[in-house]
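First subunit A sits with subunit B, and in the next complex the same chain sits with subunit C.
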Partner chain A sequence: MSWETERLEKAKQIIEMYPQKRSALGPLLYLAQDKDGYISNESIVEISGLIGITEVQVQSVASFYSMYKQEPTGKFLLSVCKSISCEISNSSDVINSVKNFTGLSNNETDDENFFTYESVECIGACGGAPAIQVNYETVEGLTPDKAVDLCKWLKEEEPEIVVADELQDKFGGVKSFDWAIADNNGATSPVPGFQTYDTSKEKK
Partner chain B sequence: MNEKVTFTVDGKQLEGKQGQLLIEACEDSGIHIPRFCWHKRLDPVGMCRMCLVEIDTPRGKALVPSCTTQVSEELIVETESDTVKKAQEGVLEFLLINHPLDCPICDKAGECPLQDQTMAYGPGESRFIEEKRHFEKPIPVSDIVLLDRERCILCARCTRFSDEISGDPLIEFIQRGNKTQVNTFPDEPFKSYFSGNTVQICPVGALTATSYRFKARPWDLKKVSSTCNCCSLGCSVELNVSQNKMLRILGEDNEFTNQGWLSDKGRYNFEYLHSENRLLNIHSRENEDYQTINISDAIEKIKDKIKDLDNPEIKFIVGANSTNEEYFAINKFANSLNRNEFLSKDKSNVYFADDHIHNGYFSEEYTNATFEDLDNSDAIVVWAEDIKDNLPVLFLRIKKAVKNGVKLVVFGHTNTALESLADLYLGAEIVSNNFELKTSLSNIQELKNIIDSKKVTTIIGKSTPLQKKDSLDTLINHLQKVSDLKIFNCFSKANTFGAIQHIDQIKGLNEFCTEYENSNKNIVFTIGANPVNSSFFGSKIKDILEDTDYVISLDIFKNETTELADLILPTTAFGEKEGTITNMEMRVMKQNKILPDPGSTLSEWEYLIMIAQSLGKDINYDSVNELNSELASQFTKTEALPTFDNLNKPSNLFGILNQKEINLNIKDIDQDSPSLLMVKRLYGDSSTQINSPSISMLGSERFIELSEFTLDKYGIESNVATLTQGSSSIFVNIKLNNLLPDNLVLAPINRRGFEKLDSTKDFDLKETKNMKDLSVN
Partner chain C sequence: MKETLLLTKHMRENPEDSHSLKSYEKNGGYESVKKVLKSGTPEEVLQEIKDSNIRGRGGAGFPTGVKWGFLAEDEERYLVINGDESEPGTFKDRILLERDPHQLIEGMIITCFAANISKAFIYIRGEYAKPARRVQSAIEEAYEKGYLGKNIFGSSMNLDIVVHLGAGAYICGEETALLNSLEGRRGEPRLKPPFFPAVKGLYNKPTLVNNVETISSVPWIMSNSGKDYSSLGVEGSTGTRIFSLSGHINNPGNYEIEMGSSFGEFVDTLGKGVKNKAIKAYIPGGASAPWLRGDQLDVKMTIDDVANEGSMLGSGAVVMMDEDTNLVLAAKSLVSFFAHESCGQCTPCREGTTWLENILERVASGRGRLSDIDLLLDVCDNISPGLTWPPKMTTICPLGPSATASIVSLMKDFRSEVEVLLPKKVVIG
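So, the complex of A and B:
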């Protein structure tokens, strides 16, 4: 039994939301990712027991979606968009500057487990291209230099919580429109924050 | 579903059934559409796109996969248009992007759908010049199946089989896009009783079996259809032989029985045929040693022995692997001894070596079920020994029926594998540890809802040798009263039904032990039976055989029983003899010969008739055909007699249903079920299995099953323990099974290490804390 009681309790609540146990697989994988920063084999075994499907079926889903991480992720996950809108707004320069600063290539994590770098498909910020996400908190209108500043700041400050609006003020440029949710609490880890499932902590 | 529709394919008017898939409807009318992922017995997925055809839609012509399109009235289909051809070429060019061109060293080459269809429909050349993807090759996904992921074309046949058909989805697609691969979870191998089927349905050489890798090319194989004798289901198989060696067994799609599938035991239990341990010569015990003698000396010896012993009692213990013809000959011979000289008339002298045999429900008031009835009934009621382990393909048939909406009721303790399929599992609350019903069945409301005035098929047999027949009678009488009932008598061993059909009065080993009188002079024949190892009465029988004046064993291997024999006659085995067998729905099916008799082996009937003739009996059969035509004439339905001629007709390839009067006279064993329940598992230590290297290790795992309550009672916290009984102790793994009632421990009867256990005696279970406690015995 690798999961703590609190997490198991949460898992049971999630499972009860669905008519069939196996439908709870997606959110349970976020719970697993919240625990270790990635989907560990122990968590796969745990989930398979909870919803009565085999381990390999869990792994099949977990390995299909790229936001379920199969390897431990650093403290900050840097996702730079490489899709068409960002690409024509010179995202390749942003990508190169982030890569140069961190010394990482795609899907790599540094030795200190601090940064993980990935270039991703469209993150829905075309109006403010090029854009980057830090732990899924979006910053728009980036330049190569600002991107390096952002990385340096993360390195020096090591913020416990990153919030999109704060990052935008510090490092962002043109913003498409005010799309962010009003009471965004920010992200405490490179796990997609879904308050319903308690995978992001309260800010206060 | 059965409404007819008319549609047009390539300008020809065809008929199909409403709702039928286009690919299947075309196939029925003789039009072959190429495919990789579609399989008649699996749900369609439309993954490979090879079966694209052009149909007329309101918006013009469109390419659609024919495996996911249903036929409808006035549908117009093109299967050979230029567009379809271009699509097929494109699909194949894509499939061959990553498929290695290693056909010269691939086992599948020569019978490979990808190879054949590339020849027939492929583009001829590829524009792809980049490097293909690489994986470690091959990786073992289980002890018997290997996976080469480079060859895999991701058709999902294997993963769908393991999910839909066998219900143990231990292989799945991992990753996605270009990285997609079939794999298992780390340290969770594809441990399935049915894994071999994935090898057979793989359309490329990605899945291979250890037993067949690099052994032969398909075009060198000699093939014959036959019937598997691993259990009494009667799966149709194709035997593949090259240079007089059995190399492979494939499942044939017999609509009535196995529908294409086989258990891994049925599929891989054949290497023993060519084992160096096979008995090839007649062995006669001289003082302490065995000497090889020839057949005429052996017959002379038997004749002399019978004369010397001066009217001895002659008894036969028969196993389940003989053909109907052999049982018929055994019966003739035994009867000739019985009626005339040696025995009084009221005693039978033939005993069947399966402890689970009981009188069954064969008389006219009961209706015998067929496998089709499983699909057509409203509910299935099971109370028998473990179906998944003893009749594996019947488990698949039950699973299929349940998937199609048939309700399943399972009565407890031995069929816990069926619980997840069951609508109603009646365990500890209804069935006692002694396998008696605790409450009146009419009081169970859920049962009432499922069976009352419904069409019910029941699979009924003793869960343990010690179960009393009264309990089964109660259930049958109740079902008979409230429902429209059809009955499967669940005797799981090979040709049990052939034995009870063709031997006038057959008894069990319990009767053998009670009727044996050591004050008499005794001769015992054991024919293809090893009761010393596999029976509840093993130790008693061992004592008896040691006391017997002369023991003659007809067998294919030396085993615990032949060790006690004075004369061992080597016999032919599966694939080496022609004959018929009867399965549990009373379907008589043909077993064919494709291998020569090895060494100086003979068929059982040949030995027996020679012995009979030397004793001056008037039993004359020169060939198995003569035996067959005589036994066939005794069946009741005269219009469909199971003669070789009839069975060889194409319309009867899958057997003939026929009946014969059955007389069983078997009494309950006068003993309560103990808390140690010995059950037979699919894999064990039978001499055929331990001499088949590919599967010999599958029966080596030592484990017991028990519930958490029982575990606590013995104070065990880890998953290993030591099972002690008297002077012997075994180190066992513990499998938790909370469906088991309190104080019941399930142990396998046919495993190495468990042979010394006596289920009727007390035992102790202790936690194994360190290696010092570990005693290997």
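So, the complex of A and C:
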């Protein structure tokens, strides 16, 4: 199935931002993943046509980067950091509690397509270690219990928009720095919530 | 010891709205660029940057003025801001992007004026969705005011800025890998020569690639002077620098200080000390840097002093590890990071980091062999012959050689922690 008109319009706007079409490949892959939860074969064909490179070239780039998902991802992507500052701040306990609650191993998605779990390398939240991202929205100063509370809350509330500030208020602790300014924008899919790609929405 | 706030002054004093154009302008923002566009010349700007002696804040510490001076002549040139910040322990660019995006934009306009550039990109790691949103909003505010686009500030200068998100590859912090990524390719570093960005960069055109913190310093330098900037800090490490402090520390965070104090003083005053007991080891400049021991806290926080101790100040990420830290697991975490982030182009890095990870895994889990210490060091030696610092290269970029740093530190200063995990030698007869 090819892309619908709305997505094609957005794709054309993005392509126009760059001196050369191929530079739009990264953003277009996010556009694909935003709607489908992963990079589907149909999207690869579509993108290849839009920017004039082969399908294999598109796939080769998509498979290089860890944030482009090769398989369907759940509604909520849980990415727990395991790099050095988190590691020495007991991130393994947070990892275990998230794994136990969701019943998932690394890079697995549950049958309901609700959660995908992954342990990831540094997300730049070292001062607030250990940390997690939900659809690339950061929560810092986590504990194993709070991580479970967070998962339960996602299960119960099924928020349409995941907002870092909201999650931090509810489940977070020590932060890397004072976030200061409240932000109501967030992610609507397992893709960075970013206004240029239309993957960011504001929570009223 | 106190902070010296140049880059973080505005955000610190205006916590409620430092990201907005209104707050930035109210506090003297965009005055530098107005002055430069009205009465300055590109040569004058370059001279101020050279006078400031500022060195790149991404990790390599190359003098910024010299870098700008290398930019080859061409009608089409680009500025690319490196906001890929992914070095474990580092979160300083995150605060600059999130809390003071206009400072970066102003720095970019001045830089583009000095280098005669009309198209610039900010490459931000994909995991920094919120900082990227803030930067994009700020760019939109700047366009509305006529600070970006055509004839900015009523001058003859044009400048467009595009925010481009990465997608989870640490290697894209390496400047040539970043350019490949921005061109819609795999983030694999390019060979230098011929692909020095200042000559053959984005789309094979001369390109300046500068770190977020470096360019965020430009407005202060221009509204004061290069000489004022160079009077801060110490020779070779002038100005202020934002250090990201994390690990077993009571008061983690970003601290903007003049370079030259000791790590110990930094940790005790601004970091308010270590959580438990004593410090066993610390990382002075991000995951790529060899560790220093807890009895080396009197080392001065300057690029050259840390280099003299056989490590590097790198990205300014200081990670403290107290005496209860399992250093084998710490090293394994670091090595796993490099194994995961290796782009796969060069065999020593692709294979070597994976081997290191597997061997450390079995050592840490008590399945190690007597020969594993020698084997680990041998693999390290094959990635970076001689195990010196700065490391010798067998690869296109420094990622693989950097992966050996934690293992060499572990074996040099904390070998007994590895040995207790290995089986005892049995003597027969």
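In the analysis below, the second predicted complex is superposed on the first by the 193 of 204 C-alpha atoms of A that agree within 3 Å, B and C clash if a C-alpha of one lies under 4 Å from a C-alpha of the other, contacts with A are read in each partner's own complex, and residues count from 1 in each chain.
Here is the rule we use: contacts are C-beta pairs under 8 Å (C-beta built on N, C-alpha and C of every residue); 3 or more make two chains touch, one makes a residue touch a chain.
All values reported here derive from a predicted model rather than from experimental measurement.
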Contacts of A:Gln20 with subunit B and subunit C, given as first, second, both or neither: second
First, second, both or neither for A:Asp183, with subunit B first and subunit C second: second
Partner chain(s) touched by A:Ser60 [first = subunit B, second = subunit C, both, neither]: both
Which superposed partner A:Asn41 touches (first subunit B, second subunit C, both, neither): first
Partner chain in contact with A:Glu121 - subunit B first, subunit C second, else both or neither: second
Superposed model, subunit A: greater residue contact from subunit B or subunit C: C
On subunit A, positions contacted by subunit B and by subunit C: 53, 60, 64
Parts of subunit A lying in touch with subunit C, wherever the complex brings them together: 17-20, 22-27, 29-30, 51, 53, 60-61, 64-68, 82-85, 87-89, 120-129, 133, 136-138, 164, 174, 176-181, 183, 185, 187, 192-197, 200
Complex contact set, residues of subunit C against subunit A: 11, 15-19, 85-91, 94-95, 98-99, 119, 125-130, 132-134, 136-137, 162-170, 181-187, 203, 244-248, 252-254, 283, 287, 317, 319, 321, 325, 329-330, 333-334, 336-337, 340-341, 343
Subunit A to subunit B touching residues, read off their complex: 41, 44, 53-57, 59-60, 63-64
Touching residues (chain side subunit B, partner subunit A) in the complex: 168-176, 183-186, 188
